[in-house]
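Below you'll find the structures, each written out as structure tokens.
One chain, chain A, links the two complexes that follow: it is found with chain B in the first and with chain C in the second.
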Partner chain A sequence: MSERRPYRRPVNPKWWWAPGAYRAYTLRELTGVGIALYGVVLFAGLISLSRGPDHWEGFVQFLRSPASIVLHVILLVVVAYHVKTWFEILPKTQPKIIVNGKQVPAQTITSYATLVAVACSAALVLFTFLVAR
Partner chain B sequence: MSEAAALMKTVELRVLRYSPVTDEKPSFGSFQVPWTDDMSVLQALQTIKDTLDGTLSFRWSCRMAVCGSCGMMINGKPQLACNTFIRNLPKGPITVEPLNHFPIERDLVVSVDDFVKKIESVYPYIIPKKPKSVADGPYLQTPAQMVAYESFSDCINCMLCYAACPQFGENPEFIGPGAMAMLQRYNGDSRDGAQKLRLDLIHGEDGVWSCTAVGVCSDVCPKHVDPANAVNQNKTNSALDFFLRFLPGAAR
Partner chain C sequence: MSNAVSTKHAAAEKRSISPLFWLPFGAGGMLAALFGPGLILVTGILGPSSSGFMERFASYDHVLAFARNPIGKLIVLAVIALFFWHGAERIFLTLKDMKAGPVPNLKFATYGVAALVTLVTFVVLLGIGF
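Up next is the complex of A and B:
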């Protein structure tokens, strides 16, 4: 007679907050909510713009309020973390890139992609300043 | 007692024990083990088995991180016992448990049946596009074509990636990182022609879509196979396969 009686241990229900990589993962995913929130702010601006000058003025007043500034500072940190971790995970989500018969290291892909994102953002900020002048 | 023996340091190992015959559920047993700077956790377990408790069960074979037998949770992290040295662990007791997310057979031994079935299911061999006879010559491949899948062929089936994967813990039917690395090893091979056959296995929640890109599977891999890459690049393939069927003239 077999004496097998395999024991299945329960999964730790708090694995997503375990210190280290799991918590970093949870934070990365949570900051996605921050991105969506900022999308809502931008969308609200767009709607105010389409409704005419009065609505737009109200939106600008909201942007100048202390609550909005605090929100934007928090969202800036959240977005920065999301951008950083987004490009860290990027090499894991795409086929391997082979150049001259060698695999391009993950770190190189992350660095180049981050550089392009930072350059695009800087160009956009510069463009906005030039147009606003 | 010789002078050398008197100078020997000891370390406490807390080992999760389970006997299917006598125990209702697993519980920790504690052992004081003399150790030297060149001692691995595997050697510490062997010392326990040889000198303290002969009933302790664990798997091992090569002692050099190529056979993939001695994977276990060491201080809560999936690692190969032969490749983990006591001198590199924090001071204090060392906790040793069987690999997470697998049914425990006895002490540190877990069931591998389910994992082996998954490996078998992905057609882990080359299925040529067009079979050649010996007279036609070998299937040729350039070094660059080999690099495309080479890292995935380094997998030693140690299952550490499964123990690191919370989604496999939540859904044991999930094909998981190791089998996906095996699948990509063949789907990425220029000599292979069965990509579609394998792709059809991995749609849905039990295929690649249980993965949420936690990525710890790749962090714990002792062979730098990067199974997270194998899973996630096949999400793209699975999605493309799904949407391409709506194109006019698509053969399904």
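Up next is the complex of A and C:
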């Protein structure tokens, strides 16, 4: 009677924090927490709005608090890292682009897409502040 | 031939529903990449710290009017729901890779929260009126 005893290579339980590719992967995936957290802030704002002017005023006071400003600066850094990594992945997830019979290099796609993203965010900030003047 | 048909059938039955979650993940990721920094700057940093901005731009009446506009509603729903679905997908897959717990529990804590927030956002936006 023979029993199968396959060899299982031991896995470091902390593999996800091992320096190099694994840690980069974990940091990239953790940006999802930041984006969801910003969703929580917006969701809290919507709930405050639906509960009337006093609750909305409370939400605005929260946004003005130093704790909230610090939180949003951290979120900005996290989302900026998301922008960087998101467009590094983009060339791997979309069909090849051929221009003049040559494949457009991944780095070119990443650079242009990142530029477009910066332009979108800058346009949003400019538009809002022009409207609010 | 019947063999081929049954194999095809089995493949169809085994098909994963994962792609259903990739669409909101991708849409949320793209939305966050294109407009996330701008949104955070306006609502969280530049807006609250520049004098008079919140009074002019984020007064109760202005924001309520935005949330009552059908296009405004769509924007609010899209941003909140897609940001949650994007986060849920990444957190779920990472916790699964870390073997942080049984997969159904992880799904409940990630996709479940995103689904609940989407539903509540939808209901609240309708309740705010038009």
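Worth pointing out:
One rule holds for everything that comes next: the second predicted complex is superposed on the first by the 125 of 133 C-alpha atoms of A that agree within 3 Å, B and C clash if a C-alpha of one lies under 4 Å from a C-alpha of the other, contacts with A are read in each partner's own complex, and residues count from 1 in each chain.
Quick note on the criterion: contacts are C-beta pairs under 8 Å (C-beta built on N, C-alpha and C of every residue); 3 or more make two chains touch, one makes a residue touch a chain.
The structure presented is a predicted model; accordingly, all values stated were derived computationally and were not measured.
Considering which of chain B and chain C touches more of chain A, the answer is C. Once the two complexes are overlaid on the shared chain, A:K92 sits against chain B while remaining clear of chain C. By the touch criterion stated above, A:W16 is placed in contact with chain B and with chain C alike.
Legend: residue contacts after superposition of the two complexes on their common chain; A:Y7 is shown touching chain B, with no touch to chain C.
Of the two partner chains placed by the overlay, neither chain B nor chain C lies in contact with A:L27.
Once the two complexes are overlaid on the shared chain, A:V79 sits against chain C while remaining clear of chain B. When the shared chain is aligned, no partner comes close enough to touch A:A44: not chain B, not chain C.
In the superposition on chain A, A:Q103 makes contact with chain B only, while chain C stays out of contact range.
When the two complexes are laid over each other on chain A, chain A has residues 16, 29 in contact with both chain B and chain C. Interface residues of chain A, counted against chain B in their complex, comprise 3-9, 11, 15-16, 21-22, 25, 29, 89, 91-96, 98, 100-103, 106.
The touching residues of chain C, counted against chain A in their complex, run 28-30, 32-49, 53-54, 56-58, 60, 63-64, 67, 76, 79-80, 83-84, 86-91, 93-94, 97-98, 117, 120-121, 124-125, 127-128. Within the complex formed with chain A, the residues of chain B that make contact are 18, 20-21, 25-26, 100-101, 103-105, 111, 142-144, 147-148, 151, 166, 169-170, 188, 212-216, 218-219, 226, 228-229, 232-233, 235-236. Residue ranges on chain A touching chain C, taken from their complex, read 16, 26, 29-33, 35-39, 41-43, 45-47, 49-50, 53, 56-57, 60, 63-64, 68-69, 71-73, 75-76, 79-80, 82-83, 86-87, 116-117, 120-125, 128-129, 131-133.
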